[in-house]
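Right after this note come the structures.
Next come two complexes built around chain A: one with chain B, the other with chain C.
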Partner chain A sequence: MSVFKNPPCVLDSGKRDPTIEETLKAAGFDPNLCIQCGTCTASCPSGRWTAMRTREVMRKAAFSIEVVLSDPDIWLCTTCYQCYDRCPRDLQVTDAIIALRNLASARGFISDKHRKTVDLLHKTGHAVPINDRIRKIRKELGLPELPPTVYCYPEELEKLGKTLFQLPPRPEDHDEEEER
Partner chain B sequence: MAQSYSLFLGCIMPNRYPAIESTTRFVLDKLGIEIKEMERAGCCPAPGVFRSFNKPDWMVAAARNLAIAEANGADLLTVCNGCFGTLFEVNHALKNDEELKKDVNARLADLGYHVEANQEVKHIAQVLGFDIGPYGIRDYLKRKVRLRGAIHYGCHFLRPFHLKQIDDPEDPTILEDYFEALGVELIDYRRKHACCGAGGGVRAGHIEVSLEMLGEKMAAITEVGAEAILDICPFCHLQFDTGQKSLNEKFGTNFNVPVIHISQLTAFAMGLDDIGLEYQTIAPDFKLEAVEL
Partner chain C sequence: MSKSEKKGKQRKTRKAKNKDEPAEQERPRVGVFVCHCGENIAGVVDVKDVAEFASHLPNVEYSTDYLFMCSKQGIELIQKAVKEHGLNRTVVASCSYEQHWPTFAKAISDLGLNPHMHTQVNIREWCSWVTDDKKAATEKAKRMVAAGVARASKKEPVATRKIPITKRTMVVGGGVAGLRAAMDLAELGIPVVLVEKETSIGGHMTMLNKTFPTNECPMCTVSPLLNGVMSHPDIEVLTLSEVTNVEGTMGHFVVEVTTKPRYVHDNCTSCGRCADVCPVEVENEWDHGFGMRKAIYKPFPQALPSVFTLDTKHCIDCGSCVIVCPVDAVDFSMTKEERTFEVGTIVVATGYEEYDPTEITAYHYGHPDIITQLQMERMLAPTTLTKGKIVRPSNGEVPKTVVVVQCVGSRNDQVGNEYCTGVCCMFGIKNAGIIKDHLPDTEVYFCYIDIRTPGLYYEEYYKRAQKKGIRFIRGRPSTITPDPTGDKIRVEVEDTLTHMPMCIEADLVVLSAGMVAPRGFGKLSAKLELLRAKEGFAKEYHVKMGPVRSSRDGVYLAGAIQGPKDITQTVAHAGGAASAAAQPLVQGFLEKRMDTAVIDEELCISCLGCVTTCPVGAISVAEGEKPKVNDVACKSCGACVPACPVGAIQIRNFRDSQLNAEVSALLSVAAELEGGDE
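Our next item is the complex of A and B:
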């Protein structure tokens, strides 16, 4: 029988998936080296304004807790690399977050807003496509109206779109994550 | 032989701030650097969004851009921290991993390209700040500028440090030395080296968080009375320029600090009067003040 009337709050393990830990290791973040010092959290510009705590994300991921993949927290990282450069154990934190995002994306956890940037890339070859106002300004500045990028080569653009960034659909039981 | 570079345009510079492109071309021409066009190049692709969705695909798309520069036979030059982050990292990875290079080339072959990763990827701030340098640039200046400026480095120019090895990311001086040579009076401000909040897909996915980060920087910049923000990245440029308007609309603030790219300011000091500030969202009527040499 437990000595506790109310059992102490321990890490809620949730569902675990060992691929998460393997992904971290492959990305240059060996969970056994992390001393959970929190330098990453303290360095995080996004964490100043949100409930995202880098140390906590890395801890959950180190324990392979599956919910870390569907949690919008990993998408609040601006990839500023401050945690990465400051980690006293030289762990590649930012790259690990990117690897987690890759794993999340492969399972369809990508927000609609992010899916739109991929649509733009497929349609125009650019994440930020040109518009009529800019075409006019380009002419005024003495530049070619259209830069000679892949946008001017629709056949190649179509081929690229078919080859790259084909995103899996969102899992059926998962709604678009709520806005903060 | 004259120095030449393959100029990588990217997305935001040609498609949102064409004045950065025209001033970059003006500056490189004055420096006697030949520009080789990168026909068919596309998005770098952005290290925040696309690398997060599928890193192998991101590498292939970036390697395709590198291959276009290699076919030109001239090192790749970017004007943007994001493009620099992507292209530098992929070039570095391919250089140091033969297996990876083989895999990437296998996929590139279907698209009709081949990458060797035998060239360098450079940022315009590196070319101006180091290769030409604060002393070298004096020979090219027609005038100086009278301006109290606040520098914003952005993230991917200096970080991650073990890859870039350009300057100490915690306390760099490369831009300070350079802008001072152009006559700028520099002012420090709180959180100078913090992120603008645009990267990592945060601006695309969580605009409110992105604006909060920007707001903190803008408050500090306004507090010290900077006349302009000096940056080296079109994405930070976009965030500062349109972000101030969004902040003003959303929070009733009154931010109105023009943002000037390193190419624009250099072009002005080299004698170009129209550096395209009138096309920007914030402070389109701002005029730079010249000091004759």
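Our next item is the complex of A and C:
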């Protein structure tokens, strides 16, 4: 294996994606104002156990490069708002992560598990669809097998599918497993 | 306008009531000088066109433009034109009145003209700096010049009077800034009244254990100054005193000072027998929780004045101190004293206060093992309970791990302090180093956002601390929590340089709390009518060119009340304030331009509207007479002018007739220029 696997990073201003900065600013987080003090990371209950480094995400966001969107770490935030609560610059960190996730998923950068949830919503109208066990229990309790939700109205499910969030396919050159 | 003109005529026929009222003036001969200010003006305004336009204006005898009017050559150009063309009024179209009116007014007064015959037209801040539109800027500049010329043609000569002033200064605050300022003033032969709120002088500096970057003993360095001030024949030191009222203006302030009773007379020999017998023991505020005192006490051994103080809040009236005092100094009958001082200038040196970190709940300040830097200083003092040893206040054990936390209450928008105190990096590094010196086996962590050690010997000091083995962690702790299952303090911090969130189990945490404006300064600043910055500190006159002047004439700022400062900066700043405060007093008089309010007694109907409106009380009225303006007190603010229902009160050179001429010219030229376009 070659030791030269990381080519030097060349900052190409042409690759800057202004949408990232705009989205973050609209969410109340100007990435240029972050002083990288690390209060967010130190506050992060997820980051103590996972690869999530809030400060690092915010740093990448300041460069407005798409890497920050494809970074699987942004999905490790539990949105507990501890960082938001303690940021000495009063930046709205958690809201920024949520905004980043929205932007990422709009471009197809979303983890397989979340993607499956969206697929289930489209297919069944439920994030957690009914299974055989539940059907059985319902029957035993004298209830109709299917609850009076969208299950009973397949034509409504079609309408729902149209109004639901449309997830674009994963960008071709992006492989989540490899990034990890 | 006609009324004012009529008024002018009436005046001439009457006996001279105001010496400087408009006399019969010779025909105005105006010179217009348009400045390029390098590219500042000429980059946007077509200055040649403006000068050409000005040459056709009424009363203009001469008009030109030049690269830098304020240069020596520029001034000579003006003087030459005045002489050659017999000009009696000048208009310079350049920068602000504040910046260069005095320069050009002096240039013409050197030739024997009244300085008020110069009119400044600001085509930089008000024109070229606010737009890139060259055409519009040039047109606006023309209109402004035309208005300036019209005003200049109507201007009247105004006298400058020398006003004698009270040669005495009051210094408010007896910390190192106040002491330095008082000493410097007294050494110039100016009598000083030093007002200190606490029982003794010296301020925060006397609480410190060591000072950076030399690790000197601050008490040793400051005590010559303390003793010098106490024994100086020209300095009167008032402790336990506060300013309760301020009246008057620069040169003649009348300040009322209230002194709280000390209940111990000055003949106290400081023998300490009273404190020995006093049965009441309370926390000593001076030691920030690290020392005790009696109800009759001296906050620290070297305290000056060297007199004990009786604290009636805690005294139980047992009378033991009265019985034991060998010189009968203790006197329960002493009462509050109010004194009034006349002073020419005032120096405000009320210092700072350490930020109270209680507000940052995640840091759990209030736990005995979480202390501030000032408390650390007291812990290190040999006179406190710890006798200078570093221990955990909770159990008296030697700490094995100490964490110093920077930026507590500074650089923090959440608590409203956006600013960097700028002192804590050195302060924190100093104490971290001292802890390491005292306890070489103790791990000392230093959590910072950025290390700011600019200046000679400061970075070197930082390097010395690094050599001692202090672990510098670049990261701001998110939480500092006492461990509920043990006796450690858990500090959660990310080392941002290795991207590693970590938890330090500390025995002692020292918070580098920032410097904030002292509590209660609002009351004093209101009495002094000082503007304050949003952070609560007193606002300086100009951040670069007037850092020791306050927003009010005659009131100067010394030290940390203008913003956070270390001792070096404070002493330098206080020296500057002292010299600024001394300047008019040494001169012995104030020069005041008499472009003040003037009342036409014939028009005046004695409604007294002006008397009640004047914010500085400069207008008074005697029984059966018309109101009179005190020229010395008048600030030319003009509040009285609209209050007068008959237009009898006017400001010299801001008379209705003069302003009307200016506005009419502005509007008529506008119409002309617009008409020309069509």
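In this text, the second predicted complex is superposed on the first by the 147 of 180 C-alpha atoms of A that agree within 3 Å, B and C clash if a C-alpha of one lies under 4 Å from a C-alpha of the other, contacts with A are read in each partner's own complex, and residues count from 1 in each chain.
Note that a residue touches a chain if its C-beta (ideal position, glycine included) is under 8 Å from a C-beta of that chain, and two chains touch if they have at least 3 such contacts.
Being a predicted model, the structure only gives us computed values, none of them experimental.
Novice: Under the superposition described at the top, does placing chain B and chain C together on chain A give a clash or a fit?
Specialist: In the superposition, chain B and chain C stay clear of each other.
Novice: Could you say whether A:Arg48 touches chain B, chain C, both of them, or neither, answering first, second, both or neither?
Specialist: Touch partners of A:Arg48: chain B and chain C.
Novice: Per the contact definition in the header, classify A:Leu24: touching chain B only (first), chain C only (second), both, or neither.
Specialist: neither
Novice: Scan A:Gly38 for contacts with chain B and chain C and give back first, second, both or neither.
Specialist: In the superposition, A:Gly38 contacts chain C only.
Novice: Please work out whether A:Ile137 is in contact with chain B alone, chain C alone, both, or neither, and reply first, second, both or neither.
Specialist: The first partner, chain B, only.
Novice: Go through the superposed model and pick first if A:Thr149 touches only chain B, second if only chain C, both, or neither.
Specialist: Once the two structures are laid over each other on A, A:Thr149 reaches chain B alone.
Novice: Given the touch rule stated above, what does A:Glu56 touch, chain B (first), chain C (second), both, or neither?
Specialist: In the superposition, A:Glu56 touches chain C alone.
Novice: With both complexes overlaid on chain A, does A:Ile65 touch chain B (first), chain C (second), both or neither?
Specialist: neither
Novice: Under the stated touch criterion, which partner chain does A:Arg89 make contact with: chain B (first), chain C (second), both, or neither?
Specialist: In the superposed model, A:Arg89 contacts chain C only, not chain B.
Novice: Would you mind checking which one, chain B or chain C, touches more residues on chain A?
Specialist: Partner with more touched residues of chain A: B.
Novice: Between chain B and chain C, what is the shortest CA distance in the superposition, whole Å?
Specialist: Across the overlay, chain B reaches chain C at a minimum of 8 Å between C-alpha atoms.
Novice: For chain A, give the residues common to its interface with chain B and its interface with chain C.
Specialist: 48, 82
Novice: How about chain A: which of its residues touch chain B in the complex?
Specialist: Touching chain B from chain A are residues 45-46, 48-50, 72, 75-82, 84-85, 92, 94, 98-99, 101-102, 105-106, 110-111, 113-114, 116-118, 121, 125-131, 134, 137-138, 141-143, 147-151, 153, 156-157, 159-160, 163-165, 167, 179-180.
Novice: What does chain A use to touch chain C in their complex?
Specialist: Against chain C, chain A makes touches at 35-44, 47-48, 53, 55-56, 82-83, 86-90.
Novice: Would you mind writing out the residues of chain C in touch with chain A in their complex?
Specialist: Those residues of chain C that touch chain A are 362, 407, 411-414, 449-450, 474-479, 492-496, 499, 501.
Novice: Quick check on the complex: what are the chain B residues that touch chain A?
Specialist: The contact residues of chain B facing chain A are 9, 11-12, 14-16, 18-19, 21-22, 25, 37, 39-43, 45-55, 57, 60-61, 64, 85, 107, 110-111, 155-156, 159-161, 169-170, 194-195, 197-202, 204-206, 208-210, 212-213, 216, 276, 279.
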